[in-house]
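Two complexes, one shared chain (subunit A), two partners (subunit B, subunit C).
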Partner chain A sequence: MAELQAMTALGARQAAVAVVGPVTITERCDVALASVAARRGRMADLARAAQAAGVPLPDAARHAGGAVYNAFWVAPEMWFVEAPFASHELIADQLKAALGDAASVTEQSDAWVIYDLTAPDLAPLLERLCNVDFPAAPDGFATRTVIEHLGCYLIRHGRGQVRIIGARSSAGSLLHALEVAAAAAW
Partner chain B sequence: MIIHHPILGPRDAQEFVYLGDAALIDRPDGMTAGVEVFHDWLYNRDNPAGEHRELWYHEQGDRSWLVVTRNTVTHEITRVELARDVARSKGRSK
Partner chain C sequence: MTQSNRISGGQIDRTKTLRFTFDGIPYQGHPGDTLASALLANGVRLMGRSFKYHRPRGPMTAGSEEPNALVELRSGGRQEPNTRATVAELFDGLSANSQNRWPSLRFDAMGINDRLSTFFAAGFYYKTFMWPKAFWEKLYEPIIRRAAGLGSVSREEDPDDYDKGFLHCDLLVIGAGPTGLMAALTAGRAGKRVILADEDFRMGGRLNAETLAVGGTHGADWAAGVVAELASLPNVRLMPRTTVIGAFDHGIYGAVERVSDHLALPAAGKPRQVLWRIYSHRAILAGGATERPIAFENNDRPGIMLAGALRAYANRWGVKVGQRVAVFTNNDDGLRTAEDLKAKGVEVVAVLDSRQGDEVIDTSGRLGLKSIIVRDAKGRTREIAVEALGVSGGWNPNVNVHSHHRSRPVYDPTIAAFVPGAEGPPGLMVAGAAAGVLSTHGALRTGRDAAVEALGLTGAADLPEAEDAPVRIKALWHVAHGKGRAWIDQQNDVTVKDVKLAKQENFTSVEHLKRYTTLGMATDQGKTGNVLGLAIMAELTGRSIPDTGTTIYRPPYTPVAMGALAGRSRGTEFKPFRLTPSHHWAKEQGAVFVEVGMWLRTQWVPKAGETEWRQSVDREVLATRRSVGICDVTTLGKIDIQGTDAGAFLDRVYANTFSTLAVGKCRYGLMLREDGIVFDDGTTARMGEHEYVMTTTTANAVPVFRHLEYCRQVLWPDMDVQLISTTEAWAQFSVAGPNARKVLEKVVDQDISDAAFPYMGARNITVCGGLRARLFRISFSGELAYEIAVPTRYGDALLREMLARGAEYDPIVYGTEALGVMRIEKGHVAGGELNGQSTALNMGLGKMVSKKKDSIGMVLSQREGLVEAEGYRLVGVKPVDPKGKLSAGSHFLEKGAAAVAANDGGWLTSKVYSPHIGCDIALGYLKAGDQKIGRRMRAVNLLSGQDTEVEIVSPHFFDPEGERLRG
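Presenting the complex of A and B:
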């Protein structure tokens, strides 16, 4: 059998790490993603199955953490679920088995690039990048927004801790935008 | 311009894509309504100076379709509803 080597979204063997001033941008290749959408009229069934499986289904514009699965809201009755890649490489199959026919599950890991941003305060960076009112947003806030013309999900874990999920095909452009804005901010 | 999304609150209009007259929801049955009615639905639009109900898509947000009631003269937005709810209240989207 062919020996295949996994590549990151940037075409490298190792996840990228960039440090610009006080900001550290870390590419996360160890997170598996899948979307979960309730089928019509099956929200109550999905809520029951998700609770039993330990999959949080947070309210609109929110992120919630669980024991293994984390999830954030993306649309009415639809969520993105995160899990450790090492144990959940087949996250879509695992969620499908856990949630049954109440939900439509789609593998998303290979469609996105994940950057974790850390700094004492990320407001000066994010106010240059997007229209999210970051200082006013609560921790656990999750939204879709536009960064440098790229549609991204932005999740606020804290004043200095943010996860940005962008299209994998634009991973390099998104990282460049983050680095340039960080260089301008500090 | 700010659109007050029913779920997400105030959002900048640049996150949205504009489609047009919300009467598009009321598609007649092309097999029974007759060609004149269907032609009217497909091609003819009112162009009111004043209140207008229109479809907006929250592309850079939660991807929901909205029915926005907007005054085309003042740009004042008086009502924003989820198109899903509007369609279902009309018996569409079974």
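Presenting the complex of A and C:
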């Protein structure tokens, strides 16, 4: 695929890194994403196949890590699965092969921009961005929320470690919102 | 001027001096001062002019209930009108100006209104200015508005930022007086997540303004100690300078935090204010109480204040309002003012207790109080020279937030005031003075108990010792003696006479009283005046106060800056932008963009030498029709539909059939609403046995997805269908024109000859040596055309590659304007036709609504009124004279018919200039249009003055047989 050069969601060749006060915002272009939804009445089949393939299928509002695949819940019997882009650019095909006809799998890698946020404590930032009760949320919490009018997924990996997944086309607006909120928060 | 009225004590930092100006005159104050306290310290009592009569006014209160001392702060973009000097925190360099006066505060020409007050009684503008009718809007109202002004705005852009945010807690405590502090301490020590919000910059509430002891120490010191302990608890968030503005649904409270208002400039990156949405399990309203005045003649002069305010200035700010002071009270609390002032060395020349028969019946002093006229129990009058008068008519619990869900306060005669009613916002309790418990001990006790009850705590902490004096009051609302005006609502200049007039004219309901006299309708919402007004109405009508009732409060508790409500959503950041995959390429080319919802789409791409948009658009259209053009169509909604019932599902949501579509093919689909009107259109491709990709219009991408989810989850939960949006996952380009295939062959790895990839084909392919991609052979331009999609990150590269590799065919990139021209030339419906009022039949697509199956909207689309032969039909329109101009929105009229609604034949929905045909062309809905092809009519636009003779033609201006697109 080397003939075509990829562009990041922000229109660059390299993933962006922004540092605002104690927060580091890192764009992640190296994560492949696909949605996995159980076909009606096939949850047990999907669970078996997923377990065999090493695809975790966590409970509602949770993220779970695996050896290669990580996944977070997005809707009843539906998950987003993450994997390294370098090895899983064809993540949808790979998951289809692994999960068979028990699931509907859809490529999602390029539908989103992924920002990883790190700071000693992200609560002062997130309280200016969305209505998630971040301090009360456990690690591994995953939810859909709205940040500056944009529907986003938010995954808490730790008090100071959060992944925000937003619509790719609005990557610039979302980053701007994160940056100005970070400047205001500290 | 030195601070001549500064006395000892107070919670100000005398080691630092702050310089500020008022009306250009320099003064000095100290950290801890408000603008009002600092001005009073400098001997300035006159701070404003009243709303209607332009009466000289000074501060009446020492808090946010202030009706009079409204000033403009700062200048330029930061100029802020109607700021209450009593809560404006002093900072070095503050510049304040009085408002609503001309030419100066001391001499205000509009003061003539006061002399003419007879003409300005309540309702005067309902009775006057009636003739001539047209004068109201153009002449009278502007004059009245100018005269009855508040502050002014600079009309410059506010340079500061405003944030919004979200907080969560177990307990929100509103107000940090003794009640709130005790509640927060109880909950905080129990480990609960507590937010304690107070509008003041110093927590402690009335304890800061009193000399009362709590737990054997000065109340203010006790408060400071509690605040320090709360600050040390990680589960407690202290929010000074934060006003809880309202109780909203589901335990959500709005609060405005003034982050930088007390600074000359916000720190870099910091907002001026933050509008917080606080999600609380439980809340305690500990908002205290507001003292109310007594109405007597000329009770509005600068220097006449609430008694509690007078002692607050002395105790908290070390300020005497005058050296000779009198107190007029109907209750014991007023007597505290006299005691405290005496202790501070202020000369208290008279204590007038209405319970002893003493009353103030008039005052003098044009720009500030000089004397009061007092009448004793025996009817003797005397004049006493004073510079300040403290008035206490009792205390009104601050029930405001409790009323925000329409709870009616109830009257408590023991304190002569309204207390919170039974049905407040769920989860909100009221404690302390806000609940009518007016002693310090009562405040501490009810604050603690409320926290215990709200959170289900076991065991309660001991209370510190504090005074528990009973309320001794004999209600007095207004002094009957005196013929002049006695003010009730000082901000809106409502007097006792106005209430009498309202009664005389039978506006006796409190709601009518409010609207007729404007009582309580000013920015202070009548915090000091409302109860007075309704009590006087009760007296006049002979009804009891409970029978008279009270009006209630709405959010916000105090005025909120528009900027705080807007947050960061202003200017170019009003909403986020969505950028297409070709955005960066287009920007390099100097493309012109158009906002389509949140998307920024390329409208056209000007070339060197093109000075007018039509040149670019015409060129793009002609070049595409001549050779090949590429357009970014990523913005069209894409929905991945999978499952064993996907085909059956599509049959139900589309008017036409999709279950029979072969794998590898796509089909144009029409989606109806339940009422039979067309909802959206687009193509849907079958990529596998149980896998479809639907496209929607750009505008309806989200509504269609939402609709499909509703169908899936609610209407037919038994169907095996899974949906997900893939709009953003694929960069999709339309490649159109006779050489479209030749350009695509340069990048596509597979055979896409007409035989291998026929019209309406749809398949997964690869491009440029193996990159996964999708190809759809569809056309909305009438040309041989395809849509090619690659993962979004490769969209920019694919576009550049197609332009480079296909260079021999001179491919151009066209924008939405050329797209519109070509679809109209081809007669395809789009936004103007998909207007939410039109059926498939109207669009000439009636046959697409299959009767062989049921689908959403099918039955209702067959309603009698929607299928009549004389109904609207889509037609094409050309001017008879090629130079004739058309406008979208013009109406069809027969030749010679008057331009009146009765003769209306329909309207032009979309219009473009067609470089292919060489004139304006349009689509339109014409009554029985399908029977009128070839007829000459007029397209009339009364707004633009156009009246153009037109010919009704087929909507398919271009290649009506479709030979080119199948080529």
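Quick note on the criterion: the second predicted complex is superposed on the first by the 184 of 186 C-alpha atoms of A that agree within 3 Å, B and C clash if a C-alpha of one lies under 4 Å from a C-alpha of the other, contacts with A are read in each partner's own complex, and residues count from 1 in each chain.
Heads up, the rule we're going with is that a residue touches a chain if its C-beta (ideal position, glycine included) is under 8 Å from a C-beta of that chain, and two chains touch if they have at least 3 such contacts.
Computed from a prediction, not measured in an experiment: that's the story for all the values here.
When the two complexes are overlaid on their common chain A, residue A:Asn131 makes contact with subunit B and with subunit C alike. When the two complexes are overlaid on their common chain A, residue A:Val23 makes contact with neither subunit B nor subunit C.
Touch criterion not met for A:Ala119: it reaches neither subunit B nor subunit C. For subunit A, the partner that touches more of its residues is C, with subunit B and subunit C as the two candidates.
Using the contact criterion defined above for the overlaid structures, shared-chain residue A:Val31 touches neither subunit B nor subunit C, since it reaches no partner.
Once chain A of one complex is fitted onto chain A of the other, the partner contacts of A:Val180 are limited to subunit C, with no touch recorded for subunit B.
Judged by the touch definition given at the top, the superposed model places A:Arg144 against subunit B, while subunit C stays out of reach. On subunit A, the surface touched by subunit B in one complex and the surface touched by subunit C in the other have residues 131 in common. Residue ranges of subunit C in contact with subunit A, taken from their complex: 161, 163-168, 193, 268-271, 274, 277, 279, 568-569, 573, 575-581, 583-584, 598-599, 634, 640, 642-645, 690-691, 718-722, 724-731, 767-772, 790-798, 801.
On the side of subunit A, the complex with subunit B involves touching residues 60-61, 73-76, 131, 143-146, 151.
Those residues of subunit A that touch subunit C in the complex are listed here as 1-9, 11, 29, 35, 37, 39-41, 78, 90, 101, 104, 106-112, 127-133, 135-136, 148-150, 167-174, 176-177, 180-181, 183-184. Subunit B makes touch with subunit A in their complex at residues 7-8, 12, 14-15, 59-64, 82, 84.
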